[in-house]
Amino acid sequence: MMMYRCAIREIRTKLEVLDDEFSITYKRNPISSIKSRIKTPLSIYNKLQRLGYDFTEQNIREHLNDVAGIRVICSFIDDIYSVAKLLSDQDDITILRIKDYIQKPKPNGYRSYHMIVEIPVFFAEGKTPMRAEIQIRTIGMDFWASLEHQLRYKKDLGSNEQYELISRKLSECAHAITATDNQMQDIKNLIGEYNEF
Amino acid sequence: MMMYRCAIREIRTKLEVLDDEFSITYKRNPISSIKSRIKTPLSIYNKLQRLGYDFTEQNIREHLNDVAGIRVICSFIDDIYSVAKLLSDQDDITILRIKDYIQKPKPNGYRSYHMIVEIPVFFAEGKTPMRAEIQIRTIGMDFWASLEHQLRYKKDLGSNEQYELISRKLSECAHAITATDNQMQDIKNLIGEYNEF
Amino acid sequence: MMMYRCAIREIRTKLEVLDDEFSITYKRNPISSIKSRIKTPLSIYNKLQRLGYDFTEQNIREHLNDVAGIRVICSFIDDIYSVAKLLSDQDDITILRIKDYIQKPKPNGYRSYHMIVEIPVFFAEGKTPMRAEIQIRTIGMDFWASLEHQLRYKKDLGSNEQYELISRKLSECAHAITATDNQMQDIKNLIGEYNEF
Amino acid sequence: MMMYRCAIREIRTKLEVLDDEFSITYKRNPISSIKSRIKTPLSIYNKLQRLGYDFTEQNIREHLNDVAGIRVICSFIDDIYSVAKLLSDQDDITILRIKDYIQKPKPNGYRSYHMIVEIPVFFAEGKTPMRAEIQIRTIGMDFWASLEHQLRYKKDLGSNEQYELISRKLSECAHAITATDNQMQDIKNLIGEYNEF
């Protein structure tokens, strides 16, 4: 767990460096906030079971990519792709997988940009490559996801109709947020052009 | 300035206490984040001039209410009113003025709940009443306001048409965000009812 | 527990206000750092048992003064007394008890200034008086206490002679730290006078 | 300046990783606190002038090693050497110079372990090696140094005799602190042995 905590520290530092550099170059911070979490032993155990593996350190390291999770919240959609590109360009980070749920949202309406990365962390006994999942989203996508998450944990309560009703409303709301994110991006682009007159 | 910094500290502590208590009672944090700022000497000077007063400590204390500013970002619209009520109920806080730009948005689309409050701060030489402005908003309102703020500072650049275009788009966007805030509030209410089955 | 956490927040804010004000007036921060802790349910239970009371909320509130604990680390001995006086002068703080282990160190060499205070905390249902223990010490006293604390928890291990040897050495060390604290205070006083030439 | 700020972030992260790992292995944190500072443009200018160089970015990078400064405060003397060794063992850190003012204190009594290091920082345009000075000290050494620093800035005030008096007292105090640091280290070693019975 300590090792994953340290991997998060290293990635967070990389993100802060990028944000700081970006803010000097473009007078604007692409990153609005950064959150992180370590998977609890219980949910690691459950996930390994679901995948059919025993609960061993080796299986954790080989089969789970999201023990260390970092969430990067951006103001605008194009900031998401800027941050992702700046990370990919660093030669000590290996990108293992990318899932772009912004281009292809999940059926329930979930949108976010996911990367599985591997970075070296320096421990007393030497450099160890560690994996982490980085989720990059706008403020609106993040807010939607937190509400949807609350709902999912109440799945088994209530009547089916009510659950369906809420799911449909959440899905409508995802569309509204997408539209708003796009409008905001448009306005930002317009202010940007305007700026260069 | 130090005195206003201390007033902000006291109000921030009151908000953290309320948020903590609320999260125990309702298993949910109404406050998503808190930001604060002290007006710079230059903008204090400018504001006093505009109001026709000299730049003296007494005039600052008597005529300016927003030297100390605190912004409270909530997830849902009804959290805004809960936080405002909990603050108003505290017997050492005096509410000097309330402006509800959520019920009555500004013409440009700005929405937020503003309170001017006075609280006692304990300094070495005794208790001093200090004023501060508290702005309470949803995440969406806050994001919109930050974009609008960027635009306002670029007013004098660019052609009139372009400025008008961006203003119109911002105003449309304010409507979209209001609709989304309302949808999110509806979903929260539905999940809430559902919860009580 | 949440209520004690909030009491700590309020006291910490009061200390930060005092430190900030002091640093403006005297160009120097009397407080080097602030730490806080809440007693664990287990050690609350143990203490109530030792005192012959049942484990009820009322007994906790009436018979325990140190559920909320705050430690203030100062650079110089006279800062300890300045901070204590500034706190005592605030009219919403009630001082319930003072133990000055600097004037009268404990037999093992422990030195620190302890205050039991009561302050009002504003909760949703109204203002509640809460008790807390404030310990004020120099950096040297704090370091000594942390080493002594480590030793105490190893009491039952090892031979008696070894335990005695370490206790004696700790006690000698307490004298050396007292001497150093006094020397540092002298030098500060000399630099201070010097300053006024 | 941003680049040096980022170098500090990277080193701080490395130190936090080491401290975290150490605390898991030995149940004890060797690092009590970490402070950092960037040299101000004025003092960079002054130092370059003193060395006979112009105020250019290249001269800063080539001739100054302490634009980024990190101070690591440890509880015990042997923690200083542990932290230094753990840093030296990392293969992406280059140690450019070491000055051990603990083995060989400065004439005025100053004690501290200084390292000039070079580490790679990942910026948008690629990996850049950055230099920083790391000072590692005990709590006592740090306190002494801060008092001595205050004195040095008052050099030109006051009579010569008074200045001499304070300097002599500071030097005596440095000896007392060294003695105390050694006593504390002895006690820690005794508690440690004791522990293994």
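Just so it is clear, A, B, C and D label the chains in written order, and each chain counts residues from 1 on its own.
To be clear about the criterion, a contact is a pair of C-beta atoms (placed from the backbone, for glycine too) under 8 Å apart; a residue touches a chain by one contact, two chains touch by 3 or more.
Computed from a prediction, not measured in an experiment: that's the story for all the values here.
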TODO: Give, as an integer number of Å, the spacing between the C-alpha centres of chain D and chain C.
DONE: 29
Open item on the list: From the mean C-alpha coordinate of chain B to that of chain C, what's the distance rounded to whole Å?
Closed with: 37
TODO: Go ahead and note the Å separation of the Cα centroids belonging to chain A and chain C.
DONE: 43
- [ ] Specify, in ascending order, the residues of chain D that touch 2 or more different other chains.
- [x] none
Task: Chain contact graph, described as a line, ring, star, complete graph or other shape - done: ring
TODO: Report the complete set of touching chain pairs.
DONE: A-B, A-D, B-C, C-D
Open item on the list: With touch defined as at the start, can you tell me which chain A residues reach chain D in the complex?
Closed with: 2, 5-6, 9-10, 12-14, 16-18, 20-22, 24-25, 86, 89-92, 121-124, 126-127
Open item on the list: Applying the document's contact rule, which stretches of chain C touch chain D when the two form their complex?
Closed with: 33, 75, 139-140, 143, 146-147, 150-151, 154, 157-159, 162-163, 165-166, 169-170, 172-173, 176-177, 179-180, 183-184, 186-188, 190-191, 193-195, 197
